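See the structures that follow.
Okay, so chain A shows up in both of these, paired with chain B first and chain C after.
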Partner chain A sequence: MQLTLRIPKAVLDEAMGDLKRPHAFAYERVGFFRCRPTSDAGLVVVSGYDTVPDGDYVEDPGAGACIGATAIQSALQRILTHNTGQIHVHWHEHDGPTGPSKTDLRDQPRLVGSFQNMDDTLPHGIVILSNTHAWGVLLLPGKKRFQPIKKMSVVAGGIDFL
Partner chain B sequence: MYPADQIDELKELCPGLCHFEEAGTGYLVLPAMEMPPGCQPAKVDMLLCPGGRDGYPSRLFFSEKIQTAKQLNWNALNFRIGERNWHGYSWRTPGGNLRLAQMVITHLSALQCN
Partner chain C sequence: MSDRYQRQSFLGENSQPKIERVRVGVVGLGGGGSHVVQQLAHIGFQDYVICDPQTVEDTNLNRLVGGRLKDIGQPKLAVAKRIVRGLQRKAKIKAIADRWQTRCDEFIFCDVIFGCLDSFQDRDEIETFCRRHLIIYIDIGMDVHKVENDPPRMAGQVILSAPGGPCMKCLGFITPEGMAQEAAAYGAAGHRPQVVWPNGILASSAVGVAVNAITGWTGKTPSPVYLSYDGNSGLVQVHPRLEYLLTTQCPHYPLGKAGKPILQQL
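Up next is the complex of A and B:
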C-alpha cells in the first residue's frame, strides 16, 4: 500500500510559518497536524494545524526542541475533543530530502504510541519538513507498526513534496 | 499496581505522579496539572481513582473547584482523601479498558465547551 498524506496548502503554509519562528531557547519548534482517515486506507487527510505555545517548551540541551506535559496533554485532549489524529511535525532548516535524527527516533514514536493508545481508530504520526521535501510515518488505525508516507500531496497549490 | 507502560504514559503528562492507597482504594496524585482552556484556576492538583468509587468506574478529583462555562454537577465537595480536601464532578467514563492517561483526558473533556 502506497500511503499518501494530503494536506491543504493553507495548512502547510500556516505550519511552516509557525515552525520557522525563533524560540527563546528551543532550537526547533514543534506543532501538530490534525488528521483524519478516509475510506481509502492509503489516504490520510490533514485538516488543521495546532501550534505549541512558547511556554510549553522545556529546556533540554539534548534535543532541538523538547515539549512539556502541557503540550502533550493538549494533543491528547484534541484527539478526544475533536476526534482527530495527531501528527507531530517539525522543520529541519535545509533544502532537499530530510529525515529523523536519533533523538527524533527515540522520543517521537513513544509519543505517537500514546496518541494511538488514546484512540486507535484514528491515524497518528510524525512528519518532518525541510524547505523543499518532507519525511513522515504514520500509525494507521489498528496497526502497531509505522507505515512510511510515500507521497505528500499539497492541494490547492500544486504538489511540492516527496 | 498499575501496568508500567501506563504509568510511564501518565508521567509524560505529569512527571510528579505519585501513588497511595487509602481504605483499600488506590489513588494517583497528579500535581500541578494544566487545565483545559477556559478553566480557572489554570493549574491544579488532580487525584485519579482508577479503580472506581462512588458508583463510577473511575473518578477524577481536583484540589480546587474549577470555574468553567460548562455546567457540571459537582457532587463531590471537600471529600477528604489522603489528608487533603478534593472536589469532583459527576462524570461517567466508558467502563472497561481505559488506560490511565485516557481516563484523565476523558474526565477533563467534560470541562470543555467545544
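Up next is the complex of A and C:
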C-alpha cells in the first residue's frame, strides 16, 4: 500500500511557524497534527495543528525536547473530543531529506502507541519536517506496525510534495 | 528532461517530474473534458483517472475533440484514452465508464480533479468530495442564454477551489436558488447549447491554472481562482466577485471536517 498524507498548506505554515520559535530551555519544539482517516486506508488527511504550550515542556538533557504529562493528556483528550488522530511533529533545521534520530525512534513510537490505545479506529503517527522535505510513519487503524508515508503533499492553491 | 518538453522548461527546473508525479482526474469527457485530457497529455501528465458513462453520439461531434465518425456508439472514454495513448504510451489510465459518484473511491488519490459537468448538483457533490480528501478541484462550464429579443449570450467560468479556501458557494457560483431552479427543471431541459470554441478557451484556461498550481511558475498560486468568460466579446477576466469576498476562509468546508464523516450521537 502506498500510504499518502495530505496536509493543508495553512496548517503546515501554522506548524512551521510554531516549531521554529525558540523555547526557554528546550532545544526544539514539538506539536501535533490532527488527522482523519478516509474511506481508503491508504490516504490520511491532516485537519489541524495543536501547539504544545511553553509550560508543558520538561527539562531533559537527553533529548532536544521533552514534553510532560499535561501535553500528552491534552493530545489524548483531543482524540476523544474531536475524534481526530494525533501525529507527533517536530522540525529538523536543515534542507533536504530528513529522518528520525535514535531518541526519536526510542520515545515517539511508545507515545503513538498510547494514542492508539485511546482509539484504534483512528490513524496516529510521527512526522519530521525539514525546511524542504519530510519523513513520517503512521500507525493505521487496527495495525500494530508503523507504515512509512510514501507520498506527503501540501495543498492550497498550489500543490507541493515533501 | 526529454526533448519534447524543452519549450516548456520555463515552468521550472523540476516541473516535469512534478507534473509526472501528479495524479489527475477528469470527470466528464465531452466538450470540455476532451479538450482538457488532450492538453494534459501534451503537457506530459502520466497518471489519469478519467470518467464518463456516455457513448459518442452524432450530436457530440460538433465539439468532441478527437471524436471521429466511426466513434459513434463507442464510449467517450475510448476517445479520451486514444488521445492520451497517442501522446503518452506509458501513462497510467484508470477509465471509469460510470457516474463518478458510484466509483468515487477511484478518485481519492487524485491530486487535482477537473470537473467538466453540466449541473450544479454534480458540481456541489464533487467539490464536497474534493474538500473532504484535500484535493484541488478545477471546474469549467459554459452556457448560452437567450434573453427576449437580444442575441444569445454565451458565458462560462473556470474556478479553482482549494482546500481551506473559498468554495463555489462562497463565490456565489453555487446558490440555493440555482440548485432549486435546476431541480425544478429536471427532465425538461432538452439539449443545452454547446459549441467547440468556448470549451477550448475554458479548458485551456483551466489547464493553465492547474499547471501553475503544480509548478508555481508564475511565482503565485492564488486560491480561489475565478475566471469568467464572455463568449460574445471573447473576453476572459477575473470575476468581479473575487474583489468582494468577505473572507479567505470557507465556512462551508472547514479544514476540521476533512476526512471520513463523523457520526455523532445526540
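Here is the rule we use: the second predicted complex is superposed on the first by the 156 of 162 C-alpha atoms of A that agree within 3 Å, B and C clash if a C-alpha of one lies under 4 Å from a C-alpha of the other, contacts with A are read in each partner's own complex, and residues count from 1 in each chain.
One rule holds in what follows: a residue touches a chain if its C-beta (ideal position, glycine included) is under 8 Å from a C-beta of that chain, and two chains touch if they have at least 3 such contacts.
For clarity, every value in this text was computed on a predicted model and none was experimentally measured.
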Clash-or-fit label for the pair chain B, chain C on chain A: fit
Which of chain B and chain C A:141 touches, first, second, both or neither: neither
Superposed arrangement, angle subtended at the Cα centre of chain A by chain B and chain C, nearest 10 degrees: 120
Chain A: partner with more touched residues, chain B or chain C: C
Touched partner set for A:70, first chain B, second chain C, both or neither: first
Which superposed partner A:153 touches (first chain B, second chain C, both, neither): second
A:45 touches, of chain B and chain C: first, second, both or neither? second
Chain B versus chain C as contact partner of A:6, first or second or both or neither: second
Partner chain(s) touched by A:117 [first = chain B, second = chain C, both, neither]: first
Overlay on chain A, chain C to chain B nearest C-alpha distance, Å: 13
Set of chain A residues, in rising order, touched by both chain B and chain C: none
Parts of chain A lying in touch with chain C, wherever the complex brings them together: 2, 4, 6-11, 34-40, 42-48, 82-83, 153, 155-159, 161
Residue ranges of chain B touching chain A (in the complex, touch as defined): 9, 12-15, 33-34, 36, 99, 101-102, 105-106, 108-109, 112, 114
Partner chain A, residues of chain C touching it in the complex: 18, 21-22, 105, 108-109, 111-112, 132-136, 160, 162-165, 212-214, 216, 221-225, 255-260, 262
Partner chain B, residues of chain A touching it in the complex: 69-70, 72-74, 76-77, 79-81, 111, 114, 117-118
